[in-house]
Amino acid sequence: MTDLLWLIPFMPIAGFTVLVLAGSRLPRSVTGTIGTGTVGLSAVVSMLLAAGFGVKGDGYVVTQTLWQWLSVGDFSPRFSLYLDALSLVMVLVITCVGFLIHLYSIGFMKNEEGYSRFFAYMNLFVGSMLVLVLADNLVSLYLGWEGVGLCSYLLIGFWYRDSANGYAARKAFVITRVGDTALAVGLFLLFTNLGTLQIQELMQRAQAEWPAGSKIAVIAAALLLAGAIGKSAQLPLQTWLPDAMAGPTPVSALIHAATMVTAGVYLIARTHVLFTLAPPVQSAIAIIGAATLLLAGLSAFVQRDIKRVLAYSTISQIGYMFLALGVGAWSAALFHFMTHAFFKALLFLGAGAVILAMDHEHDIFKMGGLRSRMPVTFWTFLIGVASLSALPFVTSGFYSKDLILKLAWSSERGSVWLWAAGVAGAFITSLYAFRLLFVVFFGDRLTRAKSDPGISMTAPLVVLAALSVAAGLAALPEPASGRQAIQQFLSGVLPAAHIRDERTPELFLLLIASCASIGGMLAAWLLYVLFPRYAEGLVQTRAGRSVHRLLFTGWGFDRIYDRLFAGPFLWLTRINRDDFIDLVYEGAAWYSGVFHHLLGLTQTGKVRWYAFGIGLGAIITIGIAVFL
Amino acid sequence: MAPVPIEGVLVLAAVLFTLGFAGVLMRRNIIFILMSIEIMLNAAGLAFVVAGSKWGQPDGQVMFIFILVMAGAEVSVGLALVLRLFHRFRSLDADAAGRMKG
Amino acid sequence: MTVEWLILIPLIGGVLAWIGGRRSSLLPRLISVASLGAGLAMTASLWNASPPVAGRTAGQAWIAEFNTSWIPQLGIGFHLGLDGLSLLLVLLTFFLGIVGVLCSWNEIKERTGFFHLNLMLVLTGIVGVFLSLDLFLFYFFWELMLVPMYFLISIWGHEKRAYASVKFFIFTQLSGILMLLGILGLYFIHGRSTGIYTFDYTQLLGTRLTPGQSLWLMLGFAAAFAVKLPAVPFHSWLPDAHSEAPTAGSLILAGLLLKTGAYGFIRFLVPLFPDAVESVRLIGMVLSAAGILYGAALAFSQEDLKRLIAYTSISHMGFVMLGIFAWNELSLQGAVIQMVCHGFSTGALFVLAGILQARLHTREMSAMGGLWAVTPRMAGMGLFFGLASLGLPGLGNFIGEFLVLLGSYRVSGLVTAAAATGLIASALYSLRLMQRVFHGPKRDDLTMADIAVRETTILAVMAAVIVVIGLYPGPVLETSKPAVEGLIQKGNPSLTPPGRGPGAVKPGGESSGEMLR
Amino acid sequence: MNTPFVIASVVAVVSTLMVITRTNVVHALLYLIVSLLSVSLVFFLLGAPFIAALEIIIYAGAIMVLFVFVVMMLNLGPQSKTQERMWLIPEVWTGPAVLAVILLGELVYIFASTGGITTSGKTVPAGDVGFALFGPYLLGVELASMLLLAGIVGAYHLGRRGNDDEQKEER
């Protein structure tokens, strides 16, 4: 049964090829079933394989070698799939959430043209993401890595008619490509120094040959981190994610919330040995995580476009995962990835339903009181928001975020400041989450809105809502080790976080975290339901307006990058369009022309002029002969 | 009579040669140019003869004879061309036939 | 027996096509396709007839060899040799030749006979360059390539064809002469030191040269090859020649002529002058990295579609040159793969550009845009080949670039990092190409037929090849493996016989401690 | 110093100078003849009587007469005097004059440095010249004859009136 592993990535890619070759000729219903079916099948197969793992997770691994990709000298990577506990979690989330989103997009894209093209790209995306997650060497990981980057480009620019979407797609691809190049250079460095790119072998050799904190390890880890930052839209390469909302909503749900943006988290988790060998880089991860979660959270608080709020929220939540990775709580990061995938996908799909109902209206302040018009969407959106803001005990978000905060405090590499940043982030998260909820679903109904969308769209919402609550069960403490089920499951692959000293005030941390999330909810209630005028007033003040503009533009990173990189590059290339080196050769040609003209003038046709020339020549030669 | 000093004759030849050369450059009338060329040829011949007389060998004079022959042929053809030129351009201006230029 | 037929077939085909041209404009096309097909079939038969790698000892390096004397007094022999590397390139030549003939099926209307004669002569020259093992014969074919290509551009080209063809001719001719000086210098030095005056490659390999001689002769050869493989300072003939040439012309220019320069570097330059190359290795790598970035930056800002594709091939060939100067097995195999895949991807892009120009009568991208709705199949193909040229993993170009960078990292980390930023730049220009030509607002004033069956099959075959090389490059690597190993043996200064010039410099592997090492 | 030589050379120089500066062609021709005669005297003084005679017969006699014929045929005479004067304005001849003076300076500088050698004073009879002509220089004589033949044919062909392209010209 384990040799069915190759089916998981193969099915979506097969779906892609079928849809690309025959897509436009198939009726819509068939395209939809093919697109969704393939992902569903991989979901089923991955669940079957998951059964084999059981809960014990004692380093059980399924590998399958497909074929020898390359063999040149000592570099001979194989196409082989490597499924262990970590990849299983990723595969399960990707395929299940992917399946639900495909189901949703059958309804969402019903009356859009380019239907088969959409499903083809979505299948290609799921396929490349699965290749990325199941890769057993860094080169095929890189193949999946670029594949998902490509699909995000294709899907963001799906409505290619509007060139703004094209610009957003190119911006996303180029910025992630910056990270990918750093990752590629990291790969070269690793191969040249350690002789292999097989992940497991690489880790053992790194551990054996590189002392902790050696310069080469730090550089390698830094390059891998740069790759992860590019793909997971962390500081400083996060400007592309808010613009990536130009794509259809299911795309944002699948790619820019659940799966692709967490590829960076997976990469760091997969190569955690390298990061433990480079402590400065690991603390850098934590700091980046903390900074990103604060900045993105604040920016999310002032956005007007429903999808941009969620985009900034994604950046902020991934900041939490990076924080967890930074403090060495590997499995906590994975746990938060799982819960985040569920509730963020739910929020995006809910937003998609709302947008569809308001016929493509994105501005939340033009919506209101949808509570009564769209009950199912409202309730599922409420669960999503609750889970996002980690309402205590009832939502899965709480368990994963609390675990991260606890470990941020108690872990060896953690510190009080990181914990404080986390808690502040939690407060802001619930603030903007509930603001979104109240503005969109409460208040007086401003405009007309259609009712709940069809079953194919509401079903995934309900399932995701259930999942974002049920996922909390994974946090049930294991009777034997007292550690949480998810941690136990992943213990085979990811080492447990080293706790600094035993006496962490468990209860105190729990209390503070829940106060933060409930406090955020209440504040949002106050600002946006009881005294909406007050919030407006606050923004009008001069200081308020400048802060608002700073936050709204995502801390002005776009403007900085335009002036620093995009502007000069465009200006330079436009000026140099005709290639100044060409001018050198044009100049040579021009000078020979001038020289030819001057020579031409000396031939005047007058006999006496020529005699004069002869005489002059005679004089000069005699002069030289006689005097020199 | 005293033997003739070589450089005296050579200087004479040089003077005659330069005068002929100046004549070629100065005058625009083709006849004058041809005449100046004759002067230059004669000066060259003089130099040959004086060289020959220094060693008492006839070679200098043989060379002079060749120069004479060449001068004769050259003048005959030259003047025939001058006639044609005159018919063609109606004037003896050397610069009139300046078509081949640039 | 068969190797010299690889050269005779296109030659005879060309002449027949020319004669056929008088009778009907269709006949030359058929003759050309037939002869090129025959050539392709013969090379393919040589390929699977070639003994498996294990069976072949290092000595008997050539898959097929043909050697007769041509001008014995001067020591010039008609010596042809086919090994793994040249076999791949000859296959590429015949394939792109057929594609060239097919895609100019209805583009070239007048004087088709003469057109096909020139086309076949260029192909003969190229095949000759890839096969010849006698420096004089190599120079003969090097010049043979030049004149027919000049005619192709200047007669059937577009607006500025005269300017472009003359510029192309001067650039290549001038550098060709410098190479001739190099060849003759080598000839005489070898003759003086060993007494036998010969142009034969295998004998000239071992000539003992002082560092000064070796450097100057190497620069002579390098001039010709650097111009043909457009290394940056000498590249400015390429954009003009490409944008003004007819589709078949620019296809062969980009697909094959650039490869002759790279082939020259691999076969002749490095093995003949290992020490000189060792001393300029870093400069060469820096130059190629500059070439990658400069080519890409220029490609980004072009408005003319064909000029844009031309600059992209400068950037891609920069990778090949980087691989050559790094001179280890990884980078060389990468360079071979990059050459083959660049031939396909850029060739296909030029076919597309030709199709667009035939339909829109312009190459300006401002006149295009929104073509995805109008011609979905062509747009799909354009997307595929655009992605191939930006080095998307899973396609052949990525394998080439990845191996080159992997190999060159051993020599110097910094240069490789700089060259790697070329990946970002390639993304920039490919996506801009996609945006300006295929995406963008709907153009209802543009009604164009989608690409015909003939063009779709050509492009589909090329796409298939790129995907196969991307996912399973095994067979290609196996063929070029023995040839590359043999060349590395010859080209590596430290391994050459002792007593060669000053103390052998450490081989490329352990160069000075780079910060990144 | 050899007085007859000095007189002859002074006469030669002055007459050549007059040849260049005259505006009337015929006067210039006559001065040229005087110059040739004085040079033939110098030849005589140098002990080359045969050459002196040849100079007078061929050079002064034949070539100059040819000139006179052409001048008469083109009846240049007096009326072209104004045109000549117009062509001989100072700014025309200053350049060549300067050039000639420089050339003269260089030549004189060269010849002056030969230092006091004198001619052998021995006259070379015409017989020796004859022997030399038909001895070692036989080839030269043959070539000279061919040259003359070419000269004759050329002159005849070019000088013929009634040449077809001239007809075209006039019609």
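So that you can tell them apart, the chains are marked A, B, C and D in the order they are listed, and the count of residues begins at 1 in each.
Quick note on the criterion: a residue touches a chain if its C-beta (ideal position, glycine included) is under 8 Å from a C-beta of that chain, and two chains touch if they have at least 3 such contacts.
Everything numeric in this text was worked out from a predicted model, so none of it was measured.
Visitor: Please state whether A-D or A-B has more C-beta contact pairs across its interface.
Guide: Here the pair linked by more C-beta pairs in contact is A-B.
Visitor: How many Å are there between the centre of chain B and the centre of chain C, using C-alpha atoms for each centre?
Guide: One centre to the other, that is 67 Å.
Visitor: Would you mind pulling out the distance in Å between where the CA atoms of chain A average out and where those of chain D do?
Guide: So the centroids are 102 Å from each other.
Visitor: Rounded to the nearest whole Å, what is the centre-to-centre distance of chain A and chain B, using the mean of the C-alpha atoms as each centre?
Guide: A distance of 97 Å separates the two centres.
Visitor: So how far apart, in whole Å, are chain C and chain D when each is placed at the average of its C-alpha atoms?
Guide: Distance between chain centres: 72 Å.
Visitor: If you look at chain A, which of its residues touch at least two other chains?
Guide: 612, 615
Visitor: Among all residues of chain D, which ones touch two or more of the remaining chains?
Guide: Within chain D, residues 95-96, 99-100, 103, 107 contact more than one other chain.
Visitor: Hey, what residues on chain B touch two or more of the other chains?
Guide: 21, 25, 28
Visitor: Going by the touch definition at the top, which pairs of chains touch each other?
Guide: Pairs satisfying the touch definition: A-B, A-C, A-D, B-D.
Visitor: Any idea which chain C residues touch chain A in the complex?
Guide: 167, 232-233, 235-236, 239, 297-298, 300-303, 328-330, 333-334, 370, 372-373, 376, 380, 387, 392-394, 398-399, 402-403, 405-406, 409-410, 413, 416-417, 420-421, 423-424, 427-428, 431-432, 435, 438-442, 471-474, 477, 516-517
Visitor: For the complex, which residues does chain A have touching chain D?
Guide: Against chain D, chain A makes touches at 612, 615-616, 618-619, 622-623, 626.
Visitor: Could you list, by residue number, the parts of chain A that touch chain B in their complex?
Guide: Those in contact with chain B are residues 600-601, 603-608, 611-612, 615.
Visitor: Which part of chain A faces chain C closely enough to touch in the complex?
Guide: Of all residues in chain A, those touching chain C are 20, 24, 67-73, 75, 79, 139, 142-143, 145-147, 150, 153, 157, 160-163, 166-167, 169-170, 173-174, 177-178, 180-181, 184-185, 187-189, 191-193, 216, 219, 569, 572-574, 576-577, 579, 581-582, 584-585.
Visitor: What residues of chain D sit close enough to touch chain A in their complex?
Guide: 95-96, 99-100, 102-103, 106-107, 109-110
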